[in-house]
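If you scroll down you'll find the structure; I have some questions about it.
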Amino acid sequence: MHRGIYPGRFQPFHLGHLNVVKWGLERLDELVILIGSAQESHTLSNPFTAGERIEMIRRAMREEGISGDRYYLVPIPDILMNNVWAYHVKMYVPSFEAVIARNPLVLRLFKEAGSEILVPPSFNREKYNSTLIRKYMITGEEWEGLVPSEVSSFIKSIKGDERLREIVGTDKR
Amino acid sequence: MHRGIYPGRFQPFHLGHLNVVKWGLERLDELVILIGSAQESHTLSNPFTAGERIEMIRRAMREEGISGDRYYLVPIPDILMNNVWAYHVKMYVPSFEAVIARNPLVLRLFKEAGSEILVPPSFNREKYNSTLIRKYMITGEEWEGLVPSEVSSFIKSIKGDERLREIVGTDKR
Amino acid sequence: MHRGIYPGRFQPFHLGHLNVVKWGLERLDELVILIGSAQESHTLSNPFTAGERIEMIRRAMREEGISGDRYYLVPIPDILMNNVWAYHVKMYVPSFEAVIARNPLVLRLFKEAGSEILVPPSFNREKYNSTLIRKYMITGEEWEGLVPSEVSSFIKSIKGDERLREIVGTDKR
Amino acid sequence: MHRGIYPGRFQPFHLGHLNVVKWGLERLDELVILIGSAQESHTLSNPFTAGERIEMIRRAMREEGISGDRYYLVPIPDILMNNVWAYHVKMYVPSFEAVIARNPLVLRLFKEAGSEILVPPSFNREKYNSTLIRKYMITGEEWEGLVPSEVSSFIKSIKGDERLREIVGTDKR
Amino acid sequence: MHRGIYPGRFQPFHLGHLNVVKWGLERLDELVILIGSAQESHTLSNPFTAGERIEMIRRAMREEGISGDRYYLVPIPDILMNNVWAYHVKMYVPSFEAVIARNPLVLRLFKEAGSEILVPPSFNREKYNSTLIRKYMITGEEWEGLVPSEVSSFIKSIKGDERLREIVGTDKR
Amino acid sequence: MHRGIYPGRFQPFHLGHLNVVKWGLERLDELVILIGSAQESHTLSNPFTAGERIEMIRRAMREEGISGDRYYLVPIPDILMNNVWAYHVKMYVPSFEAVIARNPLVLRLFKEAGSEILVPPSFNREKYNSTLIRKYMITGEEWEGLVPSEVSSFIKSIKGDERLREIVGTDKR
């Protein structure tokens, strides 16, 4: 059994993320999709709850015909101690050998913790980019084509784009 | 879609838990198995990490032929504020209508939060009981027959029973 | 202006507490009633939320004709660092000179922090005792006469005694 | 009984805040003034402790002849989980139906939690503005006329404006 | 350079602890004395602050003629996640190879984290025992001979034994 | 015995810091070097763990011939409550009279807590500046001459400058 983790915040889960998942599943038996900053929601950077992110990813997987037996969806809250973070992750997920990541800090921390590193191709990162997608949700530009269609219909069903527009301009609670 | 959650600590996941899961899946479209006290491990009451509990439940499900598309495995850390707990859960999991529980506090908190309550039959609770199983692991009595066979072989593969015996007598760190 | 604080958990606020408040208001210009363990509720030791405790004390005060301008009701969460606790309190309340307490640890910590100590008479502590009152709520014995009548009618209006009976037997979530 | 809450940081409490309180008390029987970010003090954005804010508001209320029986002053620490925040508030305060707020995030979170929303008029928000008042305290411009006179004399008695000037330029502890 | 850590709570530091330190310094170049539960004080199990424990150990070392260049005194707060604890320790102290411990949980956690284990002889554990020493302080029995003489004079100078007697009978704050 | 504390983050410990330590040791019998933000590491502002900072300071002290009996190295995590911070420090370190600091907030908080203040000369603060040194590590400019030679060789031995370059560009985990 060759298992790996794929950490991200998935705010929201887009087609770039989906490509990384598929790329990972070609190389690994099982993939743990690790949903970071699980305690956050209703902010400009983190509009969706962990539960909403679990649901949007599950729907995207079904749409793609990826069986629930190939992956895990694990939310994890922030711990605010970088040197301990990789071990915090290890506590929350089934044992794994590989880490899929491009973020230099994530790579560094898992390298120090002895994990195998898999760097995926960039899959058009300029286009498929969560920060940009959230910006389009606010300005009203087309964002639906950048995410799996099940994700865009889910976000609309919970009025997630409206939520984002509503909290724009909130300086600080 | 009728979705429910089933909260527990699953230290370890035993045949009583499995019966509740099956009972729930007959009544619901999807079940979120909520793994509580996720931050705990290596104690007499909570020997296994959240990740180990995820893995043992997944194996038990496969053994039973239950598809990964019917359920979610979500670890959640303690929050230490009972009045907020049910809403903390709602943040971590996909939206749900029903809660499967027998614990009076859990029932009370979700009732106050407006959830539908499903009380499962007891499924021989005196026999299938996590506290008892952990005790048998320590004393060396037969415990393997009380859990799904995939769970007992997983626990042995990680030497989980040995871990428990080793930390007996640890007063306090 | 001579101001003092009176720390307690007030689970629930009873006639002994009320006597201490009156005793304090004879000696001080203003009294801060400090509601400790504010994050706790729905347990056998701490059944009521901070908000419920604020409300029951306010009602008891009105019943006694004590003006809201003579006292403050301030909830404070636990901090779990005894050596810092008295300073944590100082941050949460208007400046004060005196502390009303009988608990030896509370006395010790405020003495070290330089406060004046006022030890009230015991006011029949064996009878007016929160632990005992919670026990009577569970067993169904008469408890209503041990608290101000506004407190007993408030607790009944929120079914607080029923809540306590319901969570009895809850081992641990 | 129609009760509402009015959340804010009140750094410091100014004439705009006072107008909202009066506006609220015309519409409600009782008002809970909720003092947020209670754990903060001695920073440029949050110079005053929760206790100092309680005291300045109490003094302003007395100056206005508003009885302590019409309102509550409740400090509450941050919880850093937006989706749970409205329920955290509910735990800390007496039960309420209405929320007075203009901040879009606060409105959103309480709407989702089922509260009635009261949006007050802006009361010359460009002029009565905490950020601006703190800036004037630092630069030495006239700020005293923007707050109730009891607030300005209280701040001067604790040398609060001097504190603010002293910590200017503190990059980070 | 061969460096090791010696974790303990040292409530108080006694002659058994001193013997372990000497035993360790014969085997290692440098020793990190790790003062656990650093956030605790003023309780029956943890009467002394981290700072007081640092000071008593330093005095005992000087009394023994052990140079400050051979050891480190590092306080560390609890983290409440056993699976991460050993890595939390690694973050707080200079890099080390060996761990001196007898507590089974501590041994287990550091073994899993890849450290070398050194189990010291018991050094008359029945006699030199912190729990017993704290009990003697309360009952007034002779305890001074069980700790280094610099420790007993330090504890008396801060009236530490009196503090312990004072907080006896404090049920719970 | 005249003892003082010198708080800082020491990211990294440079020649300016060393000059302050020497200046302090001329005025005090013992100095507690307090290593703040102990929980942080692997960020652009806080690249080194508390343990690495302890080790680099110890090496610098040895290089200077300063005996380990003259000073203490105490890491302390952030507490996020300014009004309580000085008392949190007092809990972690041996009792002290004086504080060496230039940061206005630190000065203010310890003045309010009753400590004696020692303001050291600036020792060429424009040149010996941690922010600048971290910047040079990233850009590859000469930084080695700005820190004690034992510190530069230690940082190189753990590849600390490489770590910093590696995490540049990490937006946010």
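Which chain is which? They are A, B, C, D, E and F, in the order written, and residues in each are numbered from 1.
The rule is short, and it goes like this: contacts are C-beta pairs under 8 Å (C-beta built on N, C-alpha and C of every residue); 3 or more make two chains touch, one makes a residue touch a chain.
Please read all numbers here as calculations on a predicted model, not as lab measurements.
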If you walk touching chains, what's the least steps from chain D to chain F? 1
Could the interface between the copies chain B and chain D be described as same, meaning over half of its residue numbers are common to both, or is it different? same
Superimpose the Cα atoms of chain A on the matching ones in chain D and note the rotation angle, 0 to 180, in steps of 5 degrees. 120
Distance-wise, how many Å sit between the C-alpha centres of chain C and chain F, to the nearest whole number? 43
List the centre-to-centre spacing of chain B and chain E in whole Å, with centres computed as mean CA coordinates. 37
Expressed in whole Å, how far the mean CA point of chain E lies from that of chain F is 26
Two or more other chains are touched by the chain E residues 39, 41, 49, 81, 83, 90-91
Which chain pairs here would you call touching? A-B, A-D, A-E, A-F, B-C, B-D, B-E, C-D, C-E, C-F, D-F, E-F
Per the touch rule above, chain E residues touching chain B in the complex are 36, 45, 80-83, 85, 103-109
Listed in rising order, chain D residues that touch chain B in their complex are 81, 83-84, 87-88, 90-91
Any idea which chain C residues touch chain B in the complex? 39-43, 49, 163, 166-173
Which stretch or stretches of chain D touch chain C in the complex? 38-39, 41, 49-52, 54-55, 58, 62, 67-77, 90-95
